[in-house]
Amino acid sequence: MTMQELRERGLALRRRIFGEATVQARMDAAGGFGAPLQAMVNAWGYGEVWSRPGLALGTRSLAALAMTAAINRPGEFRVHMRGALANGCTPEEIREVLLMVALYAGIPAANEAHKMAHEILVEQGKAF
Amino acid sequence: MTMQELRERGLALRRRIFGEATVQARMDAAGGFGAPLQAMVNAWGYGEVWSRPGLALGTRSLAALAMTAAINRPGEFRVHMRGALANGCTPEEIREVLLMVALYAGIPAANEAHKMAHEILVEQGKAF
Amino acid sequence: MTMQELRERGLALRRRIFGEATVQARMDAAGGFGAPLQAMVNAWGYGEVWSRPGLALGTRSLAALAMTAAINRPGEFRVHMRGALANGCTPEEIREVLLMVALYAGIPAANEAHKMAHEILVEQGKAF
Amino acid sequence: MTMQELRERGLALRRRIFGEATVQARMDAAGGFGAPLQAMVNAWGYGEVWSRPGLALGTRSLAALAMTAAINRPGEFRVHMRGALANGCTPEEIREVLLMVALYAGIPAANEAHKMAHEILVEQGKAF
Amino acid sequence: MTMQELRERGLALRRRIFGEATVQARMDAAGGFGAPLQAMVNAWGYGEVWSRPGLALGTRSLAALAMTAAINRPGEFRVHMRGALANGCTPEEIREVLLMVALYAGIPAANEAHKMAHEILVEQGKAF
Amino acid sequence: MTMQELRERGLALRRRIFGEATVQARMDAAGGFGAPLQAMVNAWGYGEVWSRPGLALGTRSLAALAMTAAINRPGEFRVHMRGALANGCTPEEIREVLLMVALYAGIPAANEAHKMAHEILVEQGKAF
């Protein structure tokens, strides 16, 4: 496989999960300066890792939520919260993972993640 | 002791430290989605750990400030800054802990914490 | 439910996942000094969070592996590696999660986690 | 050398890199509460470490960018982004360091850093 | 005050807390390569921050334990565990802080800290 | 360029920096389980990022040391310490970066890094 094909495969999966407009906005967010990183995200992030068989997309989303909550990356957490819902995770499953964040990374990490998750559920009319 | 009693004990202590309106706002911040986490915060955080004898509430506040500054949780730091003042810590004692943050977690962590602490001192008419 | 019942429920689940000898060794590792923390681990960790319905034990294990790899807790990672296998996760599924660690928390975190996971697979005759 | 001389040497270097107005704003940001920390930043940060011979100021800036991106300190990253440009680093060199952040601290850290760096390049008419 | 005086004041305090042999071993641990860092530790760490009035040495030790447990620095945690006991903290007070680590930085951090603390209590004949 | 070519380019660079035996040992450390991660390290890490023009290999090593010290990855730090020396960094330049670690990530991180660096300098007969 060529690198060009890998990047294209990744970009296609990324668009399928997050939607074309969102992906375009993120790809443009750091202009030409950000182009090499975006090429890597498409190739390695989505073309290679996320495209591997052997783990459902929803489970991948739950792992991404757990990690971005635990290591304090709110911008990325919000992206993967929308991705988790698009990949079929229910709000209840997401909540179970966020309660585990409290155990492993502490209550402040879990609390922040709950607030961000709830905001996105409100946006999408799925809050309760 | 039942879980219900533990949660009630915790909520009562939490309200005593932070004030009823603040606690209510935090409990509502993630809606029904956040209810299980809030129940854990009340029971485990305040009903169990913060309610233990053997360490003054003010010393607990200083430890919470040190940790939330060091691990980069600004939302939680602000909460515990207000709690520290309510628990009788002086601005000078708080500052001593934040200067130690510079040694153990680096100057950027200490700097951010100083700015947040100062904002809250300004709010409460205690800045200097 | 009383706290005593919660702790017992948690301890029973913990023993079922990790085996009685392992749990006992961990409960004894910090002597009487560690008893209050172990009581919290049993009650909150296993009695409350891990006992909740709504997420399979194997998926909980994958989330615990992702987080402990990302936040650099090798002792805990090894515990949950054994737990993941006991909860029915395949080595291949675990590997998929650890490849995601490279994306979200960096290659050094993923590399360290791969080495620990492989050691435990060797121990259990499941390496390849 | 006296402490007073060390602080003055540091403040002079700090002003030379970041500009007098920026330094003043940062020194005032936490009022009298922040004065001891600012004295330490001047003395230890700039008077001692940054003033040492043996490493070019531009290389020091690249190391500061790598670390503040990796450990998630956006306020400090922005300061050192401006400092890196003042110290003669090109946008292309900065980008190379930020691509390395993806490898060592994960894509979310690199992504956030790229966005902040691009914003400052836009401000200074150096974006591409 | 001159830098030389500050370093001497710090070294004297450091020896008083940790004992002369321990301090010498730590000062020699990285040879001539480590001399500038050790000079900074003496001057800045102990001569400046730890020497400030306004917070008891024992409370400083508790803050250092909370932070080094939370940010995962076991070598430093062990040093400050011995320092805390030398500064008059009781094992019970130390334990209270370590239980707070579970809330703010997660159970794995607290668990690791408990084990290290217990080992040092055993060494000193203070375990229970 | 194909993925296969990229992996080969990366592996060649990796061997040139760290030596064939070291690279082989690291590639074998997690057996077949680790093969996909190693392929990514070769392709993405060394074939793509480290192979980019625009930043000297020695400067890349300094950035890798700064980050792995700051985020607490001792295994990886040791690897890049050897790489830094192979890429022509002097012990004095490396030390300057490690003193900056104290400012940005705290003294414990810098202290640990100094000890590891010194051990490797001793091994290579370059200690002083």
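In order of appearance the chains are A, B, C, D, E and F, and numbering begins at 1 in each one.
Keep in mind that, in the parts below, a contact is a pair of C-beta atoms (placed from the backbone, for glycine too) under 8 Å apart; a residue touches a chain by one contact, two chains touch by 3 or more.
Bear in mind that the values here come from a model prediction, so they are computed numbers and not experimental data.
Participant: Identify the chains in contact with subunit C as well as subunit D, in label order.
Facilitator: The common neighbours are A, B, E, F.
Participant: So which chain is farthest from subunit E, going by the mean of the CA atoms in each chain?
Facilitator: Computed centres place A farthest from subunit E.
Participant: Looking at subunit D with subunit E, do both copies bring the same residues to the contact (over half shared) or different ones?
Facilitator: Same-residue interface.
Participant: How many Å are there between the centre of subunit A and the centre of subunit F, using C-alpha atoms for each centre?
Facilitator: Taking the average C-alpha coordinate of subunit A and of subunit F, the gap between them is 29 Å.
Participant: Distance from the CA centroid of subunit A to that of subunit E, rounded to the nearest Å?
Facilitator: 39
Participant: Considering subunit E alone, which of its residues make contact with at least two other chains?
Facilitator: Counting only residues that touch two or more other chains, subunit E contributes 36, 40, 44-45, 49, 52, 68, 71-73, 76, 95, 99, 102-109.
Participant: Can the chain contact pattern be summarised as a line, a ring, a star, a complete graph, or none of these (other)?
Facilitator: It is complete, because no pair of chains fails to touch.
Participant: In the complex formed with subunit B, which residues of subunit F make contact?
Facilitator: 102-109
Participant: If you look only at subunit E, which of its residues touch subunit F in the complex?
Facilitator: 29-34, 36-37, 40-41, 45, 68, 71-73, 75-76
Participant: Residue numbers of subunit F touching subunit D in their complex, please.
Facilitator: 44-45, 49, 52, 54-55, 59-60, 62-64, 66-68, 70-71, 73, 76, 92-93, 95-97, 99-105
Participant: In their complex, what parts of subunit D are in touch with subunit A?
Facilitator: Residue list for subunit D touching subunit A: 72, 91, 95, 98-99, 102, 106-112, 114-115, 117-118, 121-122, 127-128.
Participant: Per the contact definition, I'd like the list of subunit C residues that touch subunit B in the complex.
Facilitator: It is residues 1-3, 6, 36, 40, 43-44, 48-49, 52 of subunit C that touch subunit B.
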